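Naming follows writing order (A, B, C and D), and every chain is counted from residue 1.
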Amino acid sequence: MLRVGIVGVSGFTGLELVKLLLHHPWVEIDYLAARSHVGQPLSDVFPSLKNICDNIIEPIDENKCVNLDVVFLALPHGVSMELVCKLFGKVRIIDLSADFRLPKDLYEKWYKPHLCPDLIKEAVYGLPELNRQKIKKASLIANPGCYATASILAVLPFLDIIESDIIIDAKSGVTGAGKTLREDLLFSEIEASFKAYSPASHRHQPEIQNVLSLTEPVNVTFVPHLLPINRGILATVYAKLKSFFDEAFLFEKLQKFYINEPFVRVSKNLPKINNTSGTNYCDVSFALDKENNRLIILSVVDNLLKGASSQALQNMNIMFGLKEEEGLKLKPHYP
Amino acid sequence: MLRVGIVGVSGFTGLELVKLLLHHPWVEIDYLAARSHVGQPLSDVFPSLKNICDNIIEPIDENKCVNLDVVFLALPHGVSMELVCKLFGKVRIIDLSADFRLPKDLYEKWYKPHLCPDLIKEAVYGLPELNRQKIKKASLIANPGCYATASILAVLPFLDIIESDIIIDAKSGVTGAGKTLREDLLFSEIEASFKAYSPASHRHQPEIQNVLSLTEPVNVTFVPHLLPINRGILATVYAKLKSFFDEAFLFEKLQKFYINEPFVRVSKNLPKINNTSGTNYCDVSFALDKENNRLIILSVVDNLLKGASSQALQNMNIMFGLKEEEGLKLKPHYP
Amino acid sequence: MLRVGIVGVSGFTGLELVKLLLHHPWVEIDYLAARSHVGQPLSDVFPSLKNICDNIIEPIDENKCVNLDVVFLALPHGVSMELVCKLFGKVRIIDLSADFRLPKDLYEKWYKPHLCPDLIKEAVYGLPELNRQKIKKASLIANPGCYATASILAVLPFLDIIESDIIIDAKSGVTGAGKTLREDLLFSEIEASFKAYSPASHRHQPEIQNVLSLTEPVNVTFVPHLLPINRGILATVYAKLKSFFDEAFLFEKLQKFYINEPFVRVSKNLPKINNTSGTNYCDVSFALDKENNRLIILSVVDNLLKGASSQALQNMNIMFGLKEEEGLKLKPHYP
Amino acid sequence: MLRVGIVGVSGFTGLELVKLLLHHPWVEIDYLAARSHVGQPLSDVFPSLKNICDNIIEPIDENKCVNLDVVFLALPHGVSMELVCKLFGKVRIIDLSADFRLPKDLYEKWYKPHLCPDLIKEAVYGLPELNRQKIKKASLIANPGCYATASILAVLPFLDIIESDIIIDAKSGVTGAGKTLREDLLFSEIEASFKAYSPASHRHQPEIQNVLSLTEPVNVTFVPHLLPINRGILATVYAKLKSFFDEAFLFEKLQKFYINEPFVRVSKNLPKINNTSGTNYCDVSFALDKENNRLIILSVVDNLLKGASSQALQNMNIMFGLKEEEGLKLKPHYP
């Protein structure tokens, strides 16, 4: 049994981790910690967990962490690296924050001065479809952001045949913003509405652009929007094709790319957010705008699962040589 | 392994049964049938099931059913009894319709002439909290309705101390009405709205009244309402107390009543629908209107799970001597 | 032209008042004040008002108020009476708070010590269907609460033929709680959920009970619930009939009661929240539970309009001898 | 007083027209007709209209139409032109369908054979911000589509400085699809979900591309998406700038373009759907992706109002020399 800890259980991604790990056959949860609600049962914070997980929330304590096999950090950006700096090398770490996703310069441009920049190069970007081999041996996983997961999985299969100028118009449910008390997250502001935010200036843009610049640099215009739903991201990606391809070729290319991937579902039907809610799947499809020789790729994930917590668990499975689907055969929420 | 079949997989309760049974460690699904979409993969009807359950939907065939250990019938009222009449005694049956929930006279008053009224007395009303012993040996389970489950579990603990005149004001999500193409179920009609329907004339009223009239007859006024959400029922029950009791006594009484029940959660906090969504739990709490010596009991279930499919699975576990929680440690959907 | 002021324009009822008064042909808005956002254009607080009302929010100043013909107070309970104590007799006041709705003893039991209890008896409870004649001459209107409006208009027509023990199960949209930054009002908590709150202990219960105890005392059990929508209240009222009546008699009685009322719509069809959203209407209907000789009355209002701001305007029209419908022929929001 | 008729009152745009015209000071509604529900009061179809408009729905009769000053046609594509062919020249027509928005060849490519192609050139595309002068004298208005209104008003101010390759990622509420009984429009399918549909193959693409090709041809990639809300469209437009401009220049350019327009609101704040719901406004803003020298324009309209019925009324006002804002000073729905 893997001895597992979760730090940051009072937020949504921490909650999802707890729910997933409770059902994982090779895991025992040894440590649940958070910055707030210390001393309270987790089910006081999340009453849905009553009788499911009434464990007491412990304070954050690095000594507790080093006795584990793996620790998940579901902490805010900036807070997470404080702990990583102390724990690195003493316990394997899966960090759900952005703190180790970007090169130092990019990180500091978009976030704040980095506390342990030397560790950034030690971190493996935890997108299994891209980095499975590196994840196996990683000491520190930088778990991808939700927007980045949906966007990168959409673009990757076509990266060699599209021009380097990529537009990503993404739409996310409100749980992406967590449980913060902000007026713009009140029901009365979200219901029956929709808006873009941070157009061309969102922190996930450098993450996406950096990861996609695998072989040659790409440029990404990224505009996120806020949907009046709780869960799910849909990314609509626009890119010019380098030459002319027909739909059959493109579909075969997409299908081949993900043929062995357990958690990417390729289809000719357009993806819908409620088909992946509750699961670790990313659904990908595309359309071809022939008049403009433009590829339109559509992808959908559950932002809290494949976009965060279940992807973190997928990384854990890979790191510890477990079956990759272990604990991840999840029931879709629909309807 | 139990060989299990589901008849009626193209509806929401059938879908939920499939999702649950796929994860049950002692079950193999041998037969999936429906009246429509025969010959199509189930994942064509429900794209969320792609790669999860691509089994082909078979036609309804009683010969297939009799080779199973148990068959779940997720068919409309009236259709279900046709099959039960043929299958009874040849295979154990869990019927999610209303066809065997009521005595003949009541059934025929609210529904239609019964095809095999002699079998009604053979059926066990599948509410484990009430009938666990009978369920163990049952050949035919009449699985309770969603409104009835929420309402009866609210009232039962207090049945001996309340007067016989009970008011149940119930509110349900729209999946209770299934996938029927009706104008009043369009998004544009439901969103931002709310209404009562069939006040004092809903078919679940006789079911509730009949079950609650265990020792002495009770009278139930029942008014259902339609919530602009997909899942969940909240029942608000009003009943006069026979004499004066304080809240501590009432809470202890409630708690004791369900002390050994794995799927009823008693709390001093008022229940919320999203705390049970995705689970087999019924959450129950109450308030005391001292001025009027009136008890207000509040209960919540997921109408498709404890109100239908996961309760059916709980019945199966009991019938076959399995651990009652097997396959039912479900992750709450929240958030 | 009436010179009108609104104090408390940064909340939802203040906003609705502004939108209504801007279209009223006999009104000029001379004064918009609030406790917060002073010095900002109102359209900064509510961007939907851009180019519609860009007036600057002024500080609260009693000297400004006394130069008006009428002032609307859309302030929180407790704050409002401070201003009323100073303004009474100097300007006609329509107070949307609860401060003058209850007798002193009841007010102080449910709220706090009253600052000017002598003025309570000067206030007229501003429900036109009940108090039209008194409203005409009133110096101070206690504008009814939203739950009270829906509940009282449901019960009034039948008050003489029902028993004195009345149950009101009410359901409201979230704007009833205003724009307060509370975790339980976040989208993630409200969406896909539903709950009761303050059962048998909500502050609107004494208001309803007090008003309905017109000739003989009635007892009201009141349980409010929170709907995942922005606007609207539906009240489901349960009361035993004193003797046997048939539906035709009851419908005629209801219809006659409201025959001359411009803003109560009586129907045999059950009311739906989205039929009154955006309007000053209260829709009322009923069902008869013959088995239990119980009347079930259903009523619907827009909580921010007939339940607050448009009813306040209706009161103004009556106070100043204007046509009662002036400025109140509103377009329903549906769809 | 203008004698006005509406043909097609049983749909959402017809309903909105009725609500608007009832409040227009210079209009009398002389004729309400539809293909269905003939002989019923309109308030039977739309109970929200009870006591507001109980007029009987008449059958469609060209002889009735020719006695009017203007007739609004709120009919499906294909049906509308049948009537236009008969009425043209006998009464001024505002056609809300797509039948006269496109040149013959484009129309027949995307829709069906045209019945009176000669009349297409007589029709004026009723976007006041583009064609105000022509609208004044028009006999036949082709009222713009909802997606086209939002998209074109976003692009027009920048048309001379952007490259001809334009991407429009649009998101609409479900009332855009009307009241059709389709499984994908059921509440259970829409709630908590989101999807794209008809990517690069939607009928509004040729409308947008055709109108924007004013001076030189532009190419439009158009992808619509379905929001889980009733009303509103947000268009996110992506276009490369021909040379480098800063934000101050771009904002001034936008502001100047609409300086005299009563129904376009320009702002540095990003638009939100609920700020325009209920109104005839189009809100426009933009962001500049400096790294890629790409302009991102965002616009919002109420799809049933500025995207259909209130724009039709704006056209009527212009055609008959009335004040353009007459009957269009609408209250925003928010909250």
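Quick note on the criterion: a residue touches a chain if its C-beta (ideal position, glycine included) is under 8 Å from a C-beta of that chain, and two chains touch if they have at least 3 such contacts.
Since the structure is predicted, the reported quantities are computational estimates derived from the model, not experimental observations.
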item: Interface copy of A-B among C-D, A-D or B-D, judged by whether over half of the contact pairs recur; value: C-D
item: Pair sharing more residue contacts (C-beta pairs) when A-C is set against B-C; value: B-C
item: Chain centre separation (chain A, chain C; CA means) in Å; value: 46
item: Between chain B and chain C, centroid-to-centroid distance (C-alpha), Å; value: 39
item: In chain B, residues with contacts to at least two other chains; value: 12, 175, 188-189, 191-192, 228-231, 272, 274, 333, 335
item: Residues of chain D touching chain A in the complex; value: 165, 167, 169, 171, 188-189, 191-197, 199-201, 219, 221, 223, 225, 227-232, 234, 236, 238, 270-274, 277, 287-292, 294, 296, 298, 333, 335
item: Residue ranges of chain D in contact with chain C within the complex; value: 12, 15, 19-20, 22-23, 46-52, 175, 191-192, 230-231, 265, 267, 269, 272, 274-276, 278-279, 281, 283, 304, 329-335
item: Touch list for chain D against partner chain B, complex; value: 12, 174-175, 179, 181-183, 185-192, 228-230
